[in-house]
Each structure stands twice: as C-alpha cells, then as structure tokens.
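Comments concern the structure below.
Chain IDs A, B and C follow the sequence of writing; residue 1 opens each chain.
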C-alpha cells in the first residue's frame, strides 16, 4: 500500500492526527496517532527545531541526525510503524518516520505468584522495554543477545528472544527459531498461549517451559544456558528448555543454607507424592485392602465411615470436586468476598458435611492435605498440571486397588520421562544441570 | 460433524466399558466387612470342630471400655465348612485379614490338632505374625472375656502378646509361622501360652509344650519364667537369693546364653551351657552394698543353676525339646541320613552341665 | 554410566529372587541347591564380565548392528528373531506370575482376566516408549525402592526368630551335584547385563568400573534369597510354601511402623519392579523383532509409528492368552523349561559376542600392526 492509501485508511479514526505545520519558510506534514505518541518527544524533536530551521535542506539534515529517525522509500508501508507510535513526517514528498512511542505500565510490579522470603521482591513490568532493561541490568555480560520478534498477525506483539551466546546450545536455539517461525495466530497476548502455539503436539499435559515473572529466576536460567522469551504486555516470561526439577525448585533454594534447602526440596517431593497418591491410596485401602494397616487404624477408619451411605470412590470424587471448585472460585472472587469463601469452605464443607454423615472425617483430612500439598509446588503451571494427576490414579485405584495405584504411578513417571523438549530429557533423577549458583551439586531429588 | 459423532461414540463406549469393569473388581467398602479379631477353635459336641469368631464392631469414638464386639459360634466337620456356614449368620463379609489371635481350646489340644493347621496355612489372608494360644477352660470362654478398659475389641490380648502393652516374663507368645515351622520340622517343639479366662480379665502365665501334634506338657508359672529365659532369651526378670538367711531379689538387665552339645566317643553325652546374667539388686531385707558381692553372686548362681537344671530335666523326662537342642545337634553334626535317629536315642539320657555367671552391677540408689 | 549398568543388574537380581529362583531351588534344597548357587556365582559373573568386556569394543552399537557387521542376513535374522522372542517370553512370564501373585494376595476377588488385561495393556503401552525414557525410569524406580529392599533384608536378618541353626543344617547337603534346571534357575539373576545388548545404543561407551561388585552383590543376594526363607520358615516347612519369599516376608513385623505387616510393603515395591522389568524386556524384544522386519516397514513415517504397537500388541495378546489358559502348576513347569533353554542361549550369545570382539580386535591389530 502506498503511503497515501495508508493515510486514507487510517484517517477514519478520531485519534489519527494529520497536521500541516508552517513555520513561514517551508511546510511539513505530520501524521501520527495522538494516543500512541508522546507529544513531548514530537515537540522536542520536530516542532521545536522546525521553528528554528530556515532551510528545508537543513531540516532534512536535522531529521537525518535525529535519534531513531529513518527515511522512508517510496514503496515502504508505514502502516505498522504508525500503529506502533511512530510519527510520519512529510517534507517535500520525502517521508521520514520518527519513533515517539509513549509507554504505559512500565513500573516493575510486585511478585504476586511466586514469592521468596529473602530474595528480590519486585517482578517484571508489563512493558517489554523495561523488562529488557531489568534483564540486561542483572546480566551485564556482553554475550547476552536479544533478538526482536513480532508475533501475531493482528496484535503484532513485540517479543524478545534472549540468550547467552556462549552458554546456549546452538541446537536448542535452532529449534527455538523453528518453533517461533511457525507461530500462526491473530493475537498473542500471554506467554502461556505462546507456549501452546510453539509446541507441535496439541494435547499436552505437563508444562515443558517455565513461566515466571521473577527477574532473578530469568537471570539464573540465562546463566544455565536456557533461552528466555519476553512478551510485551505481560510481566511473565517464558524460559525453555526446562526439566521437571526446575518446576519444583524455588529461588529460595539458593538463598538459604544447604541443609534447609535440601530438606525443603525433599519436603516438596513428599508433598507431590501426597497430592497425587493420597486419594487413590484412601480408596485402595478402604475398599480393597483394609488389612494393610494395623487393626486399630482399620477399625477407626471403619468407624468414621459408618455413617456414609455411598462407596468410597464417590465420596472421594465429591470431596475432590468441591475442593477444586473452591480453589478455582477463590482465584476469581473479588477480595471483599474472599474471607466469606474460606469460612464457607472450612466450616460448611468440612465440619457440617461430616456431621450430616455425607463424608467421613478421614476424608476431610485427606482432602485438606491434598489441597494444601498441591500448592507446595512453586511454579503454577506445574501445580495445575499435577492437580489433574490424581484423578486417573483414583480411577485406577477404584478399579484395581493398590495394584492399580502403583501401576498408575509407574505409568505416570514413564509418561513424564518420555516427554522430551528441545531434544533433551524432561524427567530424570539426576539432571546434571550446571550449578551456577555456587553449590557443589545441583542434582534433583 | 461425522468426526465429532465418531469421537463421542468412542468416548461413550470407553466409559461404559469402564462401568462394567467395576462390577467384577472386588470392590467392597470397609464398612461392608466384618473384621474377625479373634478366632477360637474347639472340639464340638456333635461335630469335630466348633469355631467361634469375635467380630469387631467399629465405632466412631474410641474410648477406653467402649469396645463392642459380636461373637458367633458354629459347628462343622471342617474349619472351612464351618466358616462358610457362619457367613450366613451375619450381614457383612467376613474378613480374616486382621485376625491377630487364634485360640485353641484346651480339650481340643489333647488330641492331634495338626489337621486344623492346614486351613490356616493355606489361606492367604491369615497373617504370618498372628498369635496362637491355648484357651482354658476352652476357646469360646476366652473369646467372651471383655476387660473393662479395652478400647478396641480384641485389643487386650493383642497388647499382651505383642509386648506393646505389658512386658510380663510369664507370657511366652508364639507366632503362627513359628508354630508351623516347628511342627513341620524336626528338632524343636513349639510352646503355646495358655490363656486362662477369669471374670473380666485374662491370666496368661502358663505354657504348654506341643509334641507329636498334641499338648504334651504343661508348665506352671515359675517354670514358665525359666523356660522363657532359656527359649526366648528374656532380658528382664528377677532372680531370688538369700544372704545369711535374709532374702533379696536381683533384677536382671542382660542375659546371654551359649551352649554346646558334646558327644564324647566314650562316655555319656552332655550339653554344656554357659549363662551370663547381669543386673542390680531390686529388693533386699538388709543393706548389701558393703557386703562381699562375690558371695552374693555365688549364691544367686547356685540358686539359678538349680532352677535351670530342674526345668531342663523336667522337659527331658517328658521327651520334649522346646529349647531346640535337636536342631543344634542336626546343625553341628554332618551325617544327614542318621543324625535325627541318633539324637532321638541320645536325648532321653543326656546330662545338663549348666554354668551360670552372675555379675552384680549395683544395689539401686540406696545401700 | 557405571551406575546404569548396575541398575539393570540389580533389577534382574531383585526380580528373580522373589519369583522363581527360591521356589525352584528350595524344592530341591537337599539335592544340590547349594552347589547350584556356588556354581551360579562363578558362571554368572564370568558370563557378565565376558559380555561386558566384549560389548565395550562396539561403542554405541546394539546387537543387531554388531551382528550385521559379521553375519550374513540368513543367519542374523533368525538369531535376532529368536532372541527377541526369548526376551518377550521373559517379560510374559513375569507378568503372568505377578498377576497370579496379585490375584492371590492383594485382590482375591478381582477376576484374574481383568488383572491380566490391565497389566498387559499397561506394559504394552510402556514398552513402546523411548529407550532413554525407560532407562530414566529404571533409575528412578531402583533408587527409590532400593532402601526399602535393603530395610527388609536387614530386618529379616536381625529378626529374633531367625533360626541360624536351620540354615546350618542345610550346609550338610552342599556337595551334591545340581541339575541343569537348578543351575539355570540360579544363574538367571545374573542376567541383567544382557539388556545392554540393545541399550548399548544409548550410551556413548560401555565403560563399567568396579566389575568385582558383580560376584559380590550376586553372592549376597542369591544366598539371602535362599537363607532368609530357610531361617524364617524352617528348613523342612519351607518346601511347603508356593510363594516362599512372600510367606517369609509375612513373618516380619514392624512394631512401630504405620504398615504393620512387612509383606504389604514387599508387594508394594514388587509391583513397581515387575512392571519395570516387563517394560524393559518387552521394549528390547519389540526392538529386536522390529529390526528383523524388512526395510519397508521401517521406512514410511506412518508405518514407523504403528509397527511397534503392532508387535508389542501381539506379544501382549499372546501373554494374555497364555495367562488365562494356564494354572499354577502348568506355569511353573513351562518356566523351568524356558529357564533351561535360556541358559543355553545365553551362553551361546555371550560366546558369539566374545568371538566377534576378538575378531575385531585381531583385525585392528593386524591393520595397525
């Protein structure tokens, strides 16, 4: 499209300004989106010098000497740059475009989904330039390369691909470029969506890339040789390739002492096991093999189930569903109803249901243990993925008992081990990742 | 559209097949099972077997004295037939997975009871670590006893036998797997504790030695204590002694025993036993700290040695061998074809040379 | 690298010491079982060491590739096919045995067909996974379960009721010559090394340190698998039991543990071990059979995805049919037969590989010499 056609298309919007300036000696014409451009920049870079320029050729020189000002050729389409906040300047039928974009939301936010106790508390902001600044400030190494990308046919979201040229595996980078080139979507709004667009398989379960808003995690991963994708409009960034252990490590692990850290990691894995296996274990023990535990325990379980009229797996499914609904609802509740919801959940679901004989008291304990352990996993996407892992196990346990449960867990670990991202293994016991935070070994588990 | 319908049909068929799989699965909730906590086997009046089962009734609150149970009895000509007959007497499925105590009635033990072991050995859900005992006057009476402080049905007996509760030196508990291997093997005779049912409690202080498939010899409480030391290496018991006519008692902390079977080519065979006992004075009529401990020790040694030899000779007279001398003989002699017959010839005449060494460690916190 | 070798070695050891080796050996404990154990340690370790050293001369190559370099197609394809089938049978036996055990001890009311179907389908799916995934899962399963196995062994030795005298009785019967079946049963636990026939592809080189550990661990585990049942169940009564180790584990009790009877802990971990073992063997078997198929099955992209499933599915279906139509007695007889054949083929394969390795070494010596 030629420039005149572009202007014709755009002038229907009220915020598209088309101004003819006249300083008595020569005229220039400005085209820009008033909402996208910073008027101060326009004044300082264009109108003010324009006032004092006598000759058009001087103004040409000035524009050539201005920062971020390019001369357009006849066949260039200024549509995309106008929509990004550039100012189109016409002087004697020569067009220049000057960058004058205004930015909003460029304050670093507080870390809201991933907390540390004694680490940095601020996260990325929603402006990509600020994010890149934060990243580069924390990683001031010359080999940090940032490649610019534009994703989404309509949204044209800006993105940067960051990596350390020395440490990153060239094969991984090649795959990354391949994946990014095949992203076909109209709008790309968040990194989760980007992850879905980048991977080939449609039905995925475990996340294979880490979504994080913490600059320290991004820095750590860059030093490990991973690449990071920053997306405009969201404080979250995408880090790949990731292994399973990364999803269960919090940044706190490097900020505390060795024994504390290792115990916390062990505790996380135990919580993982609890949240996946405990409902299935309950069904298996109560309905198939009550002789596993001691007689005192078996009688106490039998006593607490005495009032419940339906089989154990229906009880488990009901309670799990209620807890899932509670968790989902508490995400979306406005803050002023928040405390009411916890009261409802605690009292009504727990105490009253048990007293009415709808669920046994042991089931209440199990459900709360499961719900709490689920959130011990630091990365949210993995926590959500693991919430689903217990349902097939409950199903298998209700069909086959303990055997079904153990087979289910075996199948789950085999499934996770079979996942591969970027040609590397996802799930291993000793991952052998480089220890860049100074600890002697960075093995998992 | 066709694709969607095909997929919907596939999903539906998978779900339906899962549903029909559930029925053949053995899914049975815990509250549809009746746990048998104790089982009694008696001689029936009309039929060979009279089986009593103590079924636990679970309750949401577990307070001491609150245990509820139900006892059902039936007679039949084999254990499995009787148990099947009993299934129709109750509303829930019988679950033997938690049967911790099997009681044989005393009259039942007078005859060969090896046949009854077969049912227990063949079933997969009978625990190998279940306890076996003899009930006096018979098994059903023992099952009916309900101590007032019992929290769960059957708990009192279980706690006594597992030593989680009381740690009495008179209780010689016997595991089911131990009974089976001793009965099937050669060289060691099993012992079973005798539970005497009193009004609201038990008295487990006697032991019966089984040989040739029936109860051969019954030992009373003092002899049971000695046998407990010899067979089970009981660590905590009390020795009696006297110092110049005044009695004193020593509580034992450590007990060690070694023995050898010596068969000299000429001369009579004997068993040489060395026993080491260490302990402290627990009760005394006179202060003992300043006295000659050597004399005290020798006195204790003499008393204890007499007791040991007495009990061992009693066992030899009845031709029973709970300590396991036969097995040791077979282990140390290398003539696999003839060693068992040799032992059976040697045992009725064997001598016991027992040497006891007592080491006194202290006299408590006063002199 | 070394540790993966020992993982495979251990899984084979641990599986076999509960399934058939104790039962077959203890049935003939007075007729040469002890001698069979001693010979097995020697024979097994020799085979393992010879195989490993020979295979280390062919880095990154699996058995089909090595054979392709030395034998003509006419010889190679039947041999590889035969080996693939043997591997498949190894897994099938474990599945059928394990489903019998599960049916007997853990879920007696579940229909055996359903259990068999469940196991066969899970293992069929699992055996079509990538080899690297299976190797990782091996590591995970073994590292997580080995402490429990060690704990059970420790507990059984420390047990007050362990009758050492019974064990000493057995020493009287040491010098009786064993039969071929006994020797085959006793050497089976050492066969873990043979999985590297295919998994050598996933490792850059097969450098295994501390090879002396093989006879040491082997002796310990083999003798434990015989001594513990005898000590716990009595030397005469132990022959009565059909599932020796499970009944032996039933005699252990954790007084202060959450699970009081150790037998359930035992069964719990052995479910994991059995599934892992079957996955490994069926995976290797499937790969070997696939290698024998004509090239056109391997070429097309679509066919490549479905063919492993077809082969694995065939093996699973055969196992299911065999499992349904067999009973306890028929199964143990066929197992004994299979074990005897297996020992012969194993010795054959090791000799073949050793000859090829020596041939290559000599060729290289001639070329460089």
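Note that a contact is a pair of C-beta atoms (placed from the backbone, for glycine too) under 8 Å apart; a residue touches a chain by one contact, two chains touch by 3 or more.
Being a predicted model, the structure only gives us computed values, none of them experimental.
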Exercise for review: Averaging each chain's C-alpha atoms to get its centre, pick out the one most distant from chain C.
Suggested key: A
Point to revise | Chain closest to the assembly centre - both centres taken as Cα means | key: C
Point to revise | Distance from the mean Cα position of chain B to that of chain A, given in whole angstrom | key: 63
Exercise for review: Give, as an integer number of Å, the spacing between the C-alpha centres of chain C and chain B.
Suggested key: 39
Check your understanding: Distance-wise, how many Å sit between the C-alpha centres of chain A and chain C, to the nearest whole number?
Key -> 45
Review point. When you check chain A against every other chain, which residues touch at least two of them?
Key: 288-289, 291, 399-401
Check your understanding: Multi-chain contacts in chain B: which residues touch at least two other chains?
Key -> 21, 25-26, 28, 125, 127
Practice item. Please set out, as single numbers or ranges, the residues of chain C touching at least two other chains. Key: 107, 110, 114, 260-261
Study note, to complete from the structure: In their shared complex, chain A is touched by residues of chain C numbered 102, 106-107, 110, 114-115, 118-119, 122, 125-126, 129-130, 132-134, 136-137, 139-141, 143, 258-261, 264, 267-268, 271-272, 275-276, 279
**Study point:** Touch list for chain A against partner chain C, complex
**Key:** 288-289, 291-294, 399-404, 406-407, 409-411, 413-414, 417-418, 420, 425, 427-430, 445
Practice item. Under the touch definition given earlier, write down the residues of chain A that touch chain B in their complex. Key: 286-291, 295-296, 298-308, 311-312, 361, 395, 398-401
Review point. In the complex of these two chains, what residues of chain B are touching chain C?
Key: 21, 24-26, 28, 121, 124-125, 127-129, 162, 164, 175, 177-178, 180-187, 232-233, 324, 327-328, 330-332, 334-336
Exercise for review: State the interface residues of chain B toward chain A in the complex, per the touch definition above.
Suggested key: 18, 21-22, 25-31, 33, 35, 37, 56, 58-62, 95, 97-98, 100, 125, 127, 152-155, 158
